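A, B, C and D are the chain letters, set down in written order, and residue numbers restart from 1 in every chain.
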């Protein structure tokens, strides 16, 4: 039993989590090589890293690379996406302090985020700017702030929050999501595949011939549309930018205003990176029997309180499917409770994608450990050399004979 | 508790199975309408139907349609693909006699098939010709043979066995698999999607950029290749027919001899409908770290005894992934123990696909109930009117606004 | 100057035609090898072959193979598709008797067909059953009939005519179009590419984002739909068979009744293999500014007299584009005068496709030369060995390193 | 006969050119609306616009919009891409001063460029920075420089030249190519289609199953690869950036070093935007019978002097195909003499694409006419409002019912 505090569902699941991590490790050669390098160079010797990221098997392999580099790691996750068996394995086998449960409430989540920050980490790896917001807006964490060398932020959504909701930045933050590597490889191809996976896995529905509205045609939306079309779905793209709609139109997708798309769509997927993509009034426009799911980082892309207000008590018809009967008599099904469907109903992005993504995170954190103090405060780009280094390593791994 | 004999894993799982069946029922409008018709017309009044088919949620909805038509139903499944909770629900809630466990051995399977046949059914719905072989080759079942009005056979593999391994047929068999509806809709689009689903679900592997060899480019192989390519896989087609290879070549796939394809493929999928697609000598040619899976009806497309002979004891690294270290030092991973990957690691074909497929089965059985005695013995085509009727009903259901 | 009768546009074009034939010859390795074989085996020694087929460069290379096999060749073409320079080269350089002009009228065409038949050929290679109809229905050609050993027929349309319009067959006809090789390779992939080529070439229109209705989803329709979608067109399939519509729906195409599709389609393509696909009443439903073109063998898929009746005198706005102002005030554009757009506005099927198709024709004619007298009269399949032989040779040519 | 100087092939071709322009005009609704606006607002009243751009039908419609806005227009083109009949129509019907012949030599081209600049235009619309280079490097044109309010530059290649080869800029240049509209709509979808068109049109070659190497995976390369794959080509991407190669790899393309790709490619396409993509040493590595073509703006992407040095005198086997026999005994075919294949062997980008592109040019020039004097000198972005305005207008035109 570990001698540190943690909060997880059940430490007895550790062995099961370890299996999962082991399979994943065999498919993450880039991170494996970085772990070897870190074991020699120890870039994090004497440092603590505070992390907010989905706690699943691939994250587990990453934790191992960071601790091999000398770091002490404290991590929390997101409600509804934690793999409890992986959380257990991290605590029991990797000496990582974990505060995360799949069943955690929003309040518990905020409490866990605070717990991570109160350990006064030297570096932060954030997902959705949760640790950043707390550090910048809550005066209780002045001790933590003093120690912080720098941070990374993983998501589109988090990037928006950093730029829009924080006035004065107190440490440098490398925005992983602003790299081409992240946008193209992870958002387009990784999310594209894993959202398709999540939908099929939780529902066993046919994709071919289904009318699917994808709301938001950024990199994630592009990937999702492409994955669905690859199986014969009839995809309609909804996006507020005219030029983006032109692109989708030329790519062969139908394009429409949201209000036109909803009454004829069998499945509606939100992936705008912004709250309120699907508002209460939109929900009432949906086709009888339609499916709603979210592929953005936050479940607030769908107005869930609005949905509950419009409908009777939902019926949990399958583990990841809730059935709502709306006031207007129509049925709609919500998949994955509105959490990112690829994580809530699947295993998140494919292993190899996260191998690249977490390699980028690893080299960025090592760079901050060395150079953080000389960088200006605030959001900034990952250095081009790091991105290129990761691309070269990944290409080598993926195309070896 | 039911008053008939049955063999299933655990009847306590019934409630869980019922949930699964209920979700599926909402997405099977064609079968729903047929159930209504059958409730009025009672085509199976006083008859017993013996079935060998994968026992999963969609089969459950079908059982309900048949019993609504007056039939008494006895069913067995296939090793490794039974959903035990559905088996429980069928017994507890639908009065279906089930002999099927996910964990059943081959010997148990043969025993269950015999149990079904010994109930002396009037009609048979077969999958892989298991009931047919027993009825035609084992003299113990003369009572059963005397009563049989006719049968259906679902698969390519079963069709081969009927035509090649049985000399004298004693009742008419409608080959569902020889319909265009089955071949195109179920084999190409259904299997295509569900095999992709099974592979992603059990492994979380990236499909984009993976070199995948698909062995066999019939309708199933076409569907699988297309589904994989839709996510960016680099697909190589292996097929013994020159014209089929030309078709694949023009469709944009790489084509190769099996011996050329194996050393450079990350994933190898057998789907020939024939035993021995991947022989012992082939296994030794595989790339280090490669994945093997089968998408054909029978696991004998892969020489599993040969694999075991070549390798040390496999390590069960994930629920549906076994890791083998071959004599030549290479690692290969076997997915789903060689059973059809869409059933062993997924939920089988998409719901709507089976809605069409089981509608075809339903109307074919009803036709045999009335006309079986006047048909010649032996394998034959499903009447065109039935196929057309099902197509019209399905199209109406799928394209309603 | 040749010492035989012929009718072509201008023999002075021969040199230009020769250039065209020479380029094509370099890309027809399968036919090249057959020519070598024929030069040795002389299967047509002392025989005359009467041909009705589009007179273009690839046909020219074929003529050369046939004459190398000892044949005397007489050929006519189709109005609107003859390449006059190739016709000239065939006469001047290859000693082929040609009756064909791009500008020929329907009456001239019928006269040319009669001229070919009146040479009393031993073998016929037909396209659209023109020579067949004349031989079977006109008593003037009894001499010709007595000599005929057998024939081939190239098209879907011709196959229909042979089976439906001729009561008593007097010689065996191998239906090239009923081979899988022809249907898949030439109809799906060849026609798919060449129709796209023809449309782009005569119009310079953007394909991406265009709403295109494809009427008829046989092999040709499949190929056309796929080619258009490959460039981002929004394709709607119209087909009378429910199962065929299901297939298109699952393949990801929109499907609709013709009356629904016409008012929203930018381009309408007929490819049913039947007359009257687009009737006068349909034309009035079309969108203002829409394009009509035909990809079937006969221009009667479109009701051209009906179009002329509905509209003022057409304006020839580009060489292959006519602009009609309909009574209802709308403009429609007819491409290629309603002739097969791939031939009228392009160079017909890609060279390599015709290499395979004409290899099939060559071996079929050689088979008839030897075995014609012992075969039953009437339409029948090309022997499987011939099809396989051609597939093997083509595959070898296309995949050599 | 016009009363101004001009140099074109043959003014008698004017009527033919007018036909071509008229068809095009009917498919350019965005430019049509801009012409109407310009007729009212007269943004170019009293101004002269000097243009270097491919002289073809779409350019003709644009000239009309500019002159309707009050401009006097002087234009030159590029060797090998001028449509002589359009040049004639511009002179005879639109009062545009044209210096362009399809057959012009490089020296003539430079002379024509100088002629345009010596008219002392107030605005420049450039393609490949030809007018810019002359204005900035040749002291003869100080009069012209004094008058110049601003310029646009159309291409990637021209953008490179402006940034790399000019030290001190003397007027503002809006880089059309740096807009997302140009990159995505024109480069990816426009060039993708038109390059495919050009290759098919000049050769009648089959695309399906062809091994094609695309050198350069920018927007143009992406579009070309996608267009080819849509017809079943087996595409290999060659690009020097690791991340770009990862993207192509995930998109499903084979990726390789140039040296690996050449010996196995049937067709090699250069589209890097840089000289020397295919060097002399590379040419010797090519497969026997392979095709070379260029899709970049300048023919110097291929080392044409090197090709001539390696080979005997080329044989002009078809109008746009030259056959070279290399020293090593292999044959290679050069398409379109190395000029951009979509222009040299086709009609350039699809009409609707240029409608958008020239709308962008039009509004940019009008903006410069008003604001040029207050902008800083040197290359800069097109204002976002202009790009958005064009996107909105185009979307409306393309999706109207």
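Methods note: contacts are C-beta pairs under 8 Å (C-beta built on N, C-alpha and C of every residue); 3 or more make two chains touch, one makes a residue touch a chain.
No experiment lies behind these values; they were computed from the predicted model shown.
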**Request:** Work out the mean Cα position per chain and let me know which chain is farthest from subunit C.
**Result:** A
**Message:** I want to compare two interfaces, B-D and C-D. Which one has more contacting C-beta pairs?
**Reply:** C-D
**Prompt:** In whole angstrom, what separates the CA-based centres of subunit C and subunit D?
**Reply:** 36
**Prompt:** Distance-wise, how many Å sit between the C-alpha centres of subunit B and subunit C, to the nearest whole number?
**Reply:** 42
**Request:** Could you grab the centroid distance between subunit B and subunit D? Build each centroid from C-alpha atoms only and quote it in angstrom.
**Result:** 55
**Message:** Show the residues in subunit D shared as contacts by 2 or more other chains, in ascending order.
**Reply:** 189, 208-209, 229, 232, 249-251, 398
**Message:** Considering only the defined contacts, which subunit B positions touch subunit D in the complex?
**Reply:** 208-209, 229, 232-234, 249-252, 254
**Message:** Per the contact definition, I'd like the list of subunit C residues that touch subunit B in the complex.
**Reply:** 180-181, 184-185, 188-189, 241-243, 245-247, 249-251, 255, 356, 387-388, 391-392, 394-395, 398-399
**Request:** Using the touch rule from the top, collect the residues of subunit A that touch subunit B in their complex.
**Result:** 19-20, 22-24, 26-27, 57, 189-190, 192-193, 196-197, 200-201, 203-209, 226-227, 229-232, 264, 287, 289, 317-318, 321, 346-348, 350-353, 398, 401
